[in-house]
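Once you scroll down, you'll see the structures, which are given as structure tokens.
Two complexes are shown next, each including chain A; its partner changes from chain B in the first to chain C in the second.
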Partner chain A sequence: MEYEELLKQEPFGVSQKEKEVWFYNYFTELTAYHKEHCPAYAKLLSALQVPEAFSSMSQIPMMPVSAFKDMKLRSVEEEDVFKVITSSGTTGKKVSEIYLDEETAANQQKTLVRIMEEVIGKRRIPMLIADSPEVLQDRNMFSARGAGILGFSIVSSRHQYAFNKDMNLDVKGIEAFLEKYKNGPILVFGFTYMIWKYFYGALKESEKKLSIPNGIMIHGGGWKKLQAQAVSMEDFKKGIQEVSEIKQVYDYYGMAEQTGCIYLECEYGHLHASTYSDILIRNMQDFSVCEIGTEGTIQVLSPMARSYPGHSILTEDQGILLGIDDCPCGKKGKYFKVTGRMQHAEVRGCSDTYEG
Partner chain B sequence: MTNLEKYNKVFQVILKKEGEELKELRYRGVPEWDSMGHMNLVGELEEKFDIMLDTPDMLAFSSYEKGKEILKKYGVEIEKEDA
Partner chain C sequence: MKDETIIRLAGGWKGSEIVGRTLLEESVLCFLEDLSREIRSNPMTRNREDCAAFAFWCRRKHLESWKEALNDRESRLGWGMIFHIAPSNIPTLFAYSMVFGMLAGNGNVIRISSRVMEDSLPLCQMIEQVMQQKRYQDIYENTLLFTCERGDGCIETYTNLCDGRIIWGGDKAIEELRKIPVRPGVTELEFADRYSIAVIDTEWMKQRSEEELQQLSYQFYNDTFAMDQNACSSPRLIVWKGEDRKCFETWWEQCMETAKRYELSPWKVSRKYEEVCLNIMETDQIEKVRFYDNRIYVADLQECPRNPEQYDGRFGCFYQCIIQNLEELMPSLNRKIQTIEYAGVSPKELQDRIVEFGAKGGDRIVPLGQALSLDYMWDGINLIEHLSRVICTVERRGD
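Let's look at the complex of A and B:
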């Protein structure tokens, strides 16, 4: 089955067992493909003495996410690179470079659209972007933040940026936008910390309230900065509802290295792997697979990574698998929570930019 | 202005292409027609023809020619070009 065929399956309707049969075959083929087309990847696998054949999904070799910062890894010719996505990440100044060809870029977009259908349907709806228009300045080398905004804007019809270029809340602009589209659902998208600081924070401080009862907020980028301020997920949801009347607030987990196949939060607060990607939790002592309920490092698997060998990545994030196929929300597959970043990974400067 | 002229005009304004170049245009085929260009292009067409595309049609809008077929679904007939 081709990736296109997989996309025709329901985004959260395929059982883990069914999915793994397909993933196992596809990932075996995809690993061989990258070995053939990316010499640096082949070299690495042979240095690590990775066997030619795999007996299960958990044996598919994983690339540490930092490899994309240290090496230029691509499985397509340079002239076929359509776009380079960069991510600053948290491990210092080095930047990940992810090389996309036309097909991979298209699949990323289609995948995101399929997952978002779960929340907003096939109809495109107006989108309020909790960011500044400045973030999309350079179109060729855009940041993870810009990539996120562009990716999500495909499911939207009209756009309004919530902040001006100095990151001040554009209340006038927002209110005019809301007035125009108040009768239907409105997607409110942004990075968790930016929403908290520049949206919630600004409204709270000015004692201003917005009325977006039809709002669906999708936010991502991690809880790290909010945890440091002791803001819990519940505080966040409560705060947002208080200043804007938005009741549907969903976190998502995702990364620039595997753009498109996001992990969306359900109404029970669990992050779900869709049909189009998967996770494993690894014990970092021996890289074994953790049981349900045991904390470990998150490995992400995306069958759509074809132009670069990023189909199986060991992240620097920690998480806990909560269950498989049995979340009360009804979604099939794995659900989990993210608990933090690997401790040694953090090298932070004081130059706190706007980067999520 | 005919629908064809309106259609071409949007491509000219958003993607800065015209004449013979138009027929060859594909999504992601030129730097200007990336995902942001796509949003702008479709948004402008929607405004000009007063329609609203569904997400699947937005994704299926993969070329200049394909776009004509899609608009037809929404009741917008783009005239054939004179040979």
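Let's look at the complex of A and C:
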């Protein structure tokens, strides 16, 4: 079956069992494809002694997420590279480079559109972007933020940036936009921390309130900075509703290394794997697969990753599988929560030490 | 002197000129003996493995054994004041550095990194306590242990005053600190990043009993995991003399058992898996990687590599290759290679081969289990001799 066929399936309507049958075959073929088209990947499979035929999904080898920071990994010819997605990640200086050909890039867009249908329906709606238009201009800011905005823009009919170039809230612009589209749903998109600091923070400080009762907020990018300020998910939702009347606030989990197949939060606060991607939670002591309820490291699987060998990635995020096919929201498949980034350890040794 | 910017941790040097003294002075040996005893009995330090190891190392008998090995001891004097810049991830290393400086007849000013200060503090307090005794007043007045923030000028100040400087902490620290040069003629010791290997005779290993294997694996654990396998002298490449896959397998299984007490956090596994995957993809030498859970990774190299240091392993990641005789190892011993630990191989033969071949690396040949024991011979240099000067005399001819 082609990826196109999978996309025709409901985004959250396929049971885990059905999905795994499809994934198993598809990933076996995709792994063989990367082996043939990416010499570095072939070396990896050979050295890790990965069998040609897998006995289960969990046998599919994992690429460490940071490998994309150190190496240019692709399974297409250089001239077929259509676009390179970069992301700074957390390690700081080094940047991930993800090579997309036209087909992979198109599939990423289509997939995001399909997943977003779950919250906004099949039509495009106006989008308020909680960021500055500068984010697409400035080469240094472009990366995860810019790519996210561009990605989500495809589900919008019109868009309006909420901040001016100095990251001040453009209240006039927002109000004019809201006035124009007040009769239908409005998508409010941004990065969690940006929203909290420059949207909620600015409104709170100026004691100004916006009225977006039809608003659907989708935010992502991690909780690390908010956790540091002791802002919980509940505080966040409550705060947003208080300043803007937005009741539907959904977090998402995703990464530049597997753009498109985001993991969307449901009304019960659970992140859901869609039909188009999956996760496994790994025990880092031996890479065994964790049971439901046990914390481990998140492995992400995306059948879309054809132009680069990133269809199975071991992330540096910790998470817990909460259940399969039985979330009260009715969505099928796996649902989970992200518990944070793994804690860095103080490393002993001789070198690299003139830091403190 | 910018006294206000430093935090004093021990010692009472106030900036006065320090004169050189003779080597292994009696008062210094007495002080270190007292210090060793105090560390071993004081509840603050006695249960800490790293402090206990230092106390054991600086006991009088051990230090006195160096007397015979020092040339021209009677006609040597310390340079004066040595400024030590200690590394930030081995909390006790500053104390070893101090001992070398003292034995070589110097006063010692030591900057301890603020990053390890908390872990270094108990040892500093022991030093302060013992040094404050009246009979060690002289040592007290010639010693200063402190911490300061980077870039507040104290490194410049002490660098300008010192008669010798020691930089621990590898290439990065050296590059940083070379921007603050010592005065011309001032002696300097720099400890750059190094890489270490182990050479094991396969036949010898095969003949070990189960208990012996277990014992060896404990020693190997201490050489590697005890420092996250991240010390310069921890072996990363294992060179087997002779091939026997079953013997290798038995050895690594034993090592995995022993390594079960190692605290293997998800982050460490993440780094280790990443490093081994990158090495597989970036080189053409790795045939196969064996996983002993995530405790130990063993990567088979096709041949003894010319640049072993590119096979960087941490947290229990080893590279192994096979040779038939020691000559085959020689081209691998470049300037980066420091310690060669051996098991079942003659150290004398190793030394002879290195000298014959004229290899640029391989300074320390020690038995398995002693990779981390710091000695006054380090990186191919006699530290005590380097931290002192010889006063030589030439007789007038014909008299």
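General observations
Note that the second predicted complex is superposed on the first by the 339 of 356 C-alpha atoms of A that agree within 3 Å, B and C clash if a C-alpha of one lies under 4 Å from a C-alpha of the other, contacts with A are read in each partner's own complex, and residues count from 1 in each chain.
By definition in this document, a contact is a pair of C-beta atoms (placed from the backbone, for glycine too) under 8 Å apart; a residue touches a chain by one contact, two chains touch by 3 or more.
Since the model is a prediction, treat every value here as computed from it, not as a measurement.
Contacts of A:Gln318 after superposition on the shared chain: chain C is touched, whereas chain B is not.
Using the contact criterion defined above for the overlaid structures, shared-chain residue A:Gln285 touches chain C, although it does not reach chain B. Once the two complexes are overlaid on the shared chain, A:Met71 sits against chain C while remaining clear of chain B.
Once chain A of one complex is fitted onto chain A of the other, the partner contacts of A:Lys208 are absent, as it touches neither chain B nor chain C. Touched residues of chain A, counted separately for chain B and chain C, are more numerous for C. By the touch criterion defined above, A:Lys180 lies against neither chain B nor chain C after alignment on the C-alpha atoms of chain A.
In the superposition on chain A, A:Lys238 makes contact with neither chain B nor chain C. Legend: residue contacts after superposition of the two complexes on their common chain; A:Lys17 is shown touching neither chain B nor chain C. In the superposed pair of complexes, A:Leu48 makes contact with chain C only, with no contact to chain B. The part of chain A that touches chain C in the complex is made up of residues 40-41, 43-44, 46-49, 62-64, 66-67, 70-71, 73, 284-287, 296-297, 314, 316, 318, 342-356.
Contacts from chain B toward chain A in the complex involve residues 27-28, 31, 34-36, 38-39, 43, 46, 52-56, 58-59.
Listed in rising order, the residues of chain A touching chain B in the complex are 82-83, 102, 105-106, 109-110, 113, 117, 122-124, 136, 139-140, 150-151, 153-155, 157-159.
Only residues 85, 87-90, 113-116, 150, 168-173, 176-177, 191, 193-194, 227-234, 264-270, 273-274, 277-278, 280-282, 284, 286-289, 291, 293-294, 299, 314 of chain C touch chain A when the two sit together in their complex.
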